[in-house]
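We call the chains A, B, C and D, going by the order they appear; numbering starts again at 1 in every chain.
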Amino acid sequence: MSKYTELKRECYEANMELNALGLVIYTFGNVSAVDRQHGLFAIKPSGVPYETLRPEDIVMVDFDNQIVEGSLRPSSDTQTHAYLYTQWENIGGIAHTHATYSVAWAQAQRDIPIFGTTHADHLTADIPCAPPMRDELIEGNYEHNTGIQIQDCFQERRLSHEEVPMVLVGNHGPFAWGKTAAKAVYHSKVLEAVAEMAYLTLQINPQAPRLKDSLIRKHYERKHGANAYYGQ
Amino acid sequence: MSKYTELKRECYEANMELNALGLVIYTFGNVSAVDRQHGLFAIKPSGVPYETLRPEDIVMVDFDNQIVEGSLRPSSDTQTHAYLYTQWENIGGIAHTHATYSVAWAQAQRDIPIFGTTHADHLTADIPCAPPMRDELIEGNYEHNTGIQIQDCFQERRLSHEEVPMVLVGNHGPFAWGKTAAKAVYHSKVLEAVAEMAYLTLQINPQAPRLKDSLIRKHYERKHGANAYYGQ
Amino acid sequence: MSKYTELKRECYEANMELNALGLVIYTFGNVSAVDRQHGLFAIKPSGVPYETLRPEDIVMVDFDNQIVEGSLRPSSDTQTHAYLYTQWENIGGIAHTHATYSVAWAQAQRDIPIFGTTHADHLTADIPCAPPMRDELIEGNYEHNTGIQIQDCFQERRLSHEEVPMVLVGNHGPFAWGKTAAKAVYHSKVLEAVAEMAYLTLQINPQAPRLKDSLIRKHYERKHGANAYYGQ
Amino acid sequence: MSKYTELKRECYEANMELNALGLVIYTFGNVSAVDRQHGLFAIKPSGVPYETLRPEDIVMVDFDNQIVEGSLRPSSDTQTHAYLYTQWENIGGIAHTHATYSVAWAQAQRDIPIFGTTHADHLTADIPCAPPMRDELIEGNYEHNTGIQIQDCFQERRLSHEEVPMVLVGNHGPFAWGKTAAKAVYHSKVLEAVAEMAYLTLQINPQAPRLKDSLIRKHYERKHGANAYYGQ
């Protein structure tokens, strides 16, 4: 029995949750879960439908994108995951989807404005849309460069990946992360819900104002601040 | 066995119905049910997912927000419920959701116009959107002040909480109430349906007129008037 | 055992189908099925949720709106059904819903333009939206007058109720009919599907042209014409 | 036992998948599967609801539209299938639906612009919308001429049916094809998902740019190119 059985199961369940939540169809999307101690991560195999995916199909890969265990090819987006894991050392899972409203904002090349408390309960900033990559980066090591593009976006805007656990990659779609793979999936679902609400808000009132700072702080702090009083 | 077992079950079932109706995801939203005789109410514990919620997890709280029974922390919105119960003495249940279309109107800071009989079957006025609170109220006792904001909105507009059993809190989301917790959930669902219909109506015809007074009166009266002939 | 048992079951099943198809929530909507030989019809009782509705709850009513059999009060819309049955002698069932997209067009007070073959497979004209009634008709025998309003709309526009088996009542919602109660429900679902498609069509292209006459004729005739070759 | 039992089952399952994926209601839509060796194809019978369809109901038809086996009348769209099979000799299945967003674009008479990688993962061009046919073609052999209209559209735009396995027929709806009937259904579902995303994209940003060429090539090639590395 593999010593990664537990991590593979965690990764498998997070991938299946992506499907159960309606964030993906067919073989779209992927979730990974990291093992910091051994310097590797579990990730969905490429092009395998969720209907037939099994825990033992999950592939173990190191941060140099080498397969450590598994007979299947890992997700084509593996290098994006690897890059983000090496850059952001306190994240434990990453999820990528083609969820409808998230993709629509990415295709529109627009940040999702913070319009309400549903958004502020989870993050204090607009959800950034990283611009599409320059041609030489696309034609080079594309998936690795997608990771760089995400990190560059966060650096340029002085965003913290801890406070903003999600991003849109322009013309492509969303990536989200968290302490665990399950939390990364949670953030993917929240992103999709917020993306739909923001879309409808602008349809009802194209001049809808962003949420005021006091409400952003209040809602974020009551859930995530030093004196948080949400949850158990 | 607790003497509040029955009330807790009523509260539990109303909360689960919120989830079954698709009005909430994860731990979003909460419903309470009041016991007027003992001056306290049952409410969902904070941050507990609906999937794992049990009747015995429901928390009993008095109108001063003190826990009377229960080992979990009550909903972070508890003080809003307490305030409304003390002000409106004939309501028996309150529900709060982050349902998609309701939140979109709240984020757009727009009242929902009364466009049709589906709306008039339930209330005779536009569904009010209370403005976002002033900064000092947000930074003060926020949840208590949310209750004040709702009541102020009803007073300023001379609305009756009996005839208008629902409200949008600007940039936040909907609250609804009724004779029972189940009725509060019913009003939450009706609000969401009316919010979607009104959204689509304006997309099809931005100049759509409000429902004429004779139709508002007719539909409301046949369901709720002295000579009502709807229902058994 | 009632001699109307079979008709009640047909009516019951058509009502339940309304719910299964997602065209109604709670107690909204109603379907009736007529018995031409005995001059009466079976209809849903007023205000009874679909979850608890039973075949024996269905009420038998004559064309003067008198209860012939049943212990429950019939639908508040009963007189609209009765009027249409007396006017249009070859219809066997009528359905009324508050389905989302159908209601949105009714609230927008707009006919649904015939934009495509999905529409033309079922009817050759725009789906008419009858104007809201005059105040004296609303304050009079409202439900009876709703029937008159529908028929007046068909007469003024020279529409045949056989070729156009559905209508929107302005600010209210859709009514549909057919040879049987099941067919009336079928037309209610088709109306909702066509209403959604037409809404989206105008969002994508506000200048979208109506379907050309040759295509309207072709699609309608291949399904309903003398030389129809659709179906078995 | 028929020698076409296996092909009929393949065709049956592809038709049922159309229904399971929410791409059709009632009797709408149809899928066929070809047997190149014998020069015939299996297709859904006309007007049979998916709920009651059985594998043995599938009809075997040759390329001259003659029934080879089966007691039911084949789909009214059979001649469109036959024409495309004779013209495009390497396709194995064809699917036709009235899926909501696909039909909306067809009714809007608009190509679906390639806005993102979800689209480019499957095809490199805008999804073409063939213009509605001229009146004499509609009044002639309509379904055969629908096939000609599709092929003419591909020839005029110099599109390859292998690289663009789907089309919208103006005012009507989508057709999709592939190596197998299952693949044709897959393309129908992808088309619907891309159609919804493109619709939302334009609502959020009416000036949304098309995907840049380098990204189109990258995403298409990594899945379908000589050096493809997506999948197993």
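Simple rule for what comes next: a residue touches a chain if its C-beta (ideal position, glycine included) is under 8 Å from a C-beta of that chain, and two chains touch if they have at least 3 such contacts.
These figures come from a predicted structure and were not determined experimentally.
Novice: Taking mean CA positions as centres, which chain lies farthest from chain D?
Specialist: B
Novice: At the chain B/chain C interface, shared numbers over all numbers used: above half (same) or below half (different)?
Specialist: Mostly different residues: under half of the interface numbers shared.
Novice: Starting from the mean Cα coordinates of chain A and chain C, work out the distance between those two points in Å.
Specialist: Going by mean C-alpha positions, chain A sits 46 Å from chain C.
Novice: Averaging only over C-alpha atoms, locate the centres of chain A and chain D and give their separation in whole Å.
Specialist: About 33 Å, centre to centre.
Novice: Touching two or more other chains, which residues of chain A qualify?
Specialist: 203
Novice: So how do the chains connect up here, line, ring, star, complete, or something else (other)?
Specialist: Chain contacts: single closed ring, each chain with exactly two partners.
Novice: Would you please name all pairs of chains that touch?
Specialist: So, checking each combination of chains, I get A-B, A-D, B-C, C-D as the touching pairs.
Novice: What residues on chain A touch chain B, complex-wise?
Specialist: 115-118, 186, 189-190, 193, 196-198, 200-201, 203-205, 208-209, 211-212, 214-215, 218, 222, 229-232
Novice: Which of the residues in chain C end up touching chain B in this complex?
Specialist: So the residues of chain C in touch with chain B come to 25-28, 45-48, 72-73, 76, 98, 100-101, 103-110, 132-133, 135, 138-139, 142, 171-173, 199, 202-203.
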